[in-house]
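Structures are listed in the sections that come next.
What follows is a pair of complexes built around chain A, which joins chain B in one and chain C in the other.
On to the complex of A and B.
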């Protein structure tokens, strides 16, 4: 199911604990899955019988940023889980951690 | 004077030193020496008065004795140290050293360093610290905007939103954001004791070894103070993410880091993680300012290490303390001061929305952390002690907070007059003791010395 990804919107996995927040995404429709199943926006609930696909169980880590190959789409993991995050059929990758500031 | 300072001749700094020592289970020495300056004069002499206020207005008093608390923290440490260890050092003046080196000035609702700013939200004020350029990239997600954010639209966007929603969403996104609220209920203490391990077994005579994984100001100041107590400090950095302060003012980096051995280990590969674990295993004191989940993701679990390494003291410095959810919140020195209630107090005392001091939570936390580390170490170690930037400031505020609005304003007037009588100093700094080593300059020497394979 294709969905729009709005900056600041929250997504949750239908089959594990993963929660993501959209940091950035160009306008458009996206197919975003976690654990092989469409992710849920807002207060949507999981379809009955949805199960984690064992082939899509790489896991997510809290605090990591997940990006597509061009780093156009960036999602922040706000809760880790067992599923892998897949955007338009391609697994998302962890972005290199931010540099530390020079002063605060 | 606070209620527990029974001797009316005792200075505020001495009373605060005694409070800190008692909270660590120690009896203050009758010969404890602390500066006897009035807290208003300590503030004026620290340089922070000059750094607080509107840029086109007068320097402002702080109605709680923060500079005297800094003097008290150093006095408490000095009372447990070999005589003369801290000669020539003033706790209060440490607070203004960065501003002196970088030539920073008061800028009202903006921090002297320029990154942190108070904004009016729909239902109150907040502080936002954009310390990294990359933080700007998450602003559209923070404000849930469809389009890019025009550079000058930020105040207007924030004003249209509710403060608690901005703080909550910002913290999820890793922004250093805080509500500009009144000080909370009196904090229970200024540190939290996590797990306790076993004390040191042998009494091997060798120099105190500190492994410092921290960056910026609070943690490096803590290990810098331990150097004065004879510690060998090994500053450990990741080559991919070195201490950000290396890219800041070199004079300030030298001031805090000269004389430390600089080791680079890459935690992204297994040999780097093994070296890091070996460095920690050889330490008496570890200082770090990382979020616990970041270290756990590298296979470094402070709780487990303290439990398994007899005598190890682990000093964890965070923005808002350990435990969920606050251990995941990012904070820096200026916004942590706001979170503790400092800007709210300044508003009630002056009528202006002001950032108080320069990243004030950083040097205050560094001073307190050095005391916690030293006390734990001389008592055999085996402790995880956690200090929060905001928690240390909250503790200093609560030490001597006027009980009513009337008392607050009256004190502000009296203390301001006293400060002007004694003279308001510009921030001052000591010269650095030398140049800090380059990133990783001592890696092979230190690893070889500890028998760790490169």
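On to the complex of A and C.
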């Protein structure tokens, strides 16, 4: 199911504990899944019988930023889980850590 | 989007780690979240439109920041150094409010029916039942998270507003989640009403770093806290760093801070001589200079540890000079220099500094946005970018001396004066001049028992810079006027020059 990704919006997995926050995304419709199942908007509930696809169980890590190949879409993992995050059929990658020194 | 997510993540990942240390009090991230959620319940029940804090830095500050976020109202820390009348005027502007305070500050407040005043100790020990049934924090990115009253030099203080999207953009764009090591700790000495006080609490929480709070600053207490808490990181305003360096030099002993790895400084201009002395005294420490404003949610440019070392070690004067720059944009923002007409300028051309990015709010309550159509914010700071993008600040636009059409930056003249062995402090300001419109005036503080003549100082500036930079008037003072955060009050010095004929004039 295609959804718009608005900066600041929350997404949660239907099949694991994963929660994501949209950091940035160009306007448009996206197919976003976690553990093989469509992710849910902040308050929505999971469809009955939804199950984690064992082939999509790479896991997410809290605090990591997940990006597409061009780094146009960036999602922050606010809670880790068992599923992998897949955007438009392609697994998202962990963005490299920032190299900035602590400034405050 | 809500900054409460920052604390939720820290408590989720490192709930047992100590978040805040203040005197004998120690709170873990899980306890910090529990305290903030209890307080959020109390705030919601009070129907307050703002959460205000009139207090020094204690665990109540981070609890209040996040409690306001959970409750969905803005957090507004007040400057406790203001006069009683000024404080009550600000309280009136945020009523109806839930106001946390303590001891002596409580006596400053005029009782109001629409302000619920809560003592700090009570605020930190609210009953658990208040957190029950607390709704999910709001996720409107445009909601106001923090409101800060700026210390305006004229007129009423302006209320700068920072939205959840500004602060989240800053944190996600510049801090790596859980970047701190288990034993890391940062000592915090900036007051809670300063933007660095807010950003420090948010950055430390997101990095899952222990915060060691001091409720004031003096060099001895700071050094003791660093030793007893094995502090690894510190943020200081330049005058604080200078005082630590002076204190250690007087003691004649080494710093003896084996755990200290990183000192960040900002909030005002660091004299070149001061950072050089500090780097010599703490050779193992990483120094970072951070430049930012309230309206930009804190840091927009950094001169990092490698930049410091490269500049200090270089034979190339252009690279050496970068030690007095504020470094390069963080990557979360863009910076351009423009002339008075708004035309973008190239490298090495001085003009006005403009900033753009998600963390830049540039917005004041009831005055609206100060951003231009393309989202650029004028910092009102003057400066230039060098060939490699290092930003050099020349002072506030209002402080630049315009002598016969030539723009003169007070900073470069101050650096030269401070390089004289007899000079302890110096401030350069515009003085009225019949021929040139404005001329250069300098107020100088000499070191104890040291001597320097006006002619000698003038000659020094002439040699290092050029004749138009030579102060036509130099006055000697016992001390320069500073605000509580160590910013020199040029306005006061300018006024003295304007009102009185300087005692010594060339």
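The rule is short, and it goes like this: the second predicted complex is superposed on the first by the 102 of 104 C-alpha atoms of A that agree within 3 Å, B and C clash if a C-alpha of one lies under 4 Å from a C-alpha of the other, contacts with A are read in each partner's own complex, and residues count from 1 in each chain.
Keep this in mind: a residue touches a chain if its C-beta (ideal position, glycine included) is under 8 Å from a C-beta of that chain, and two chains touch if they have at least 3 such contacts.
A quick note: this is a predicted structure, and the numbers were derived from the prediction, not measured.
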item: When chain B and chain C are modelled together on chain A, clash or fit; value: clash
item: Touched partner set for A:50, first chain B, second chain C, both or neither; value: neither
item: First, second, both or neither for A:78, with chain B first and chain C second; value: both
item: First (chain B), second (chain C), both or neither touched by A:103; value: both
item: Contacts of A:3 with chain B and chain C, given as first, second, both or neither; value: neither
item: Touched partner set for A:41, first chain B, second chain C, both or neither; value: neither
item: Partner chain in contact with A:21 - chain B first, chain C second, else both or neither; value: both
item: Chain C-contacting residues of chain A that also contact chain B; value: 7-9, 21, 23, 62-63, 76, 78, 97-98, 100-104
item: Residues on chain C engaged by chain A in the complex (per definition of touch); value: 1, 5, 8-9, 12-13, 136, 139-141, 164-165, 168, 172-179, 186, 196, 199-200, 203, 207, 233, 235, 262, 264, 266, 286, 288, 290, 298-299, 302, 304-305, 330-331
item: Contact footprint of chain B on chain A as seen in their complex; value: 6-9, 21-24, 27, 61-63, 76, 78, 96-104
item: List of chain A residues in touch with chain C within their complex; value: 7-10, 21, 23, 42-43, 62-65, 76, 78-79, 97-98, 100-104
item: Touch list for chain B against partner chain A, complex; value: 98, 102, 113, 115-116, 129, 131-132, 134, 137-138, 140-146, 169, 172-174, 176, 215-217, 240-249, 252, 291, 293-294, 297, 328, 332-334, 359, 362
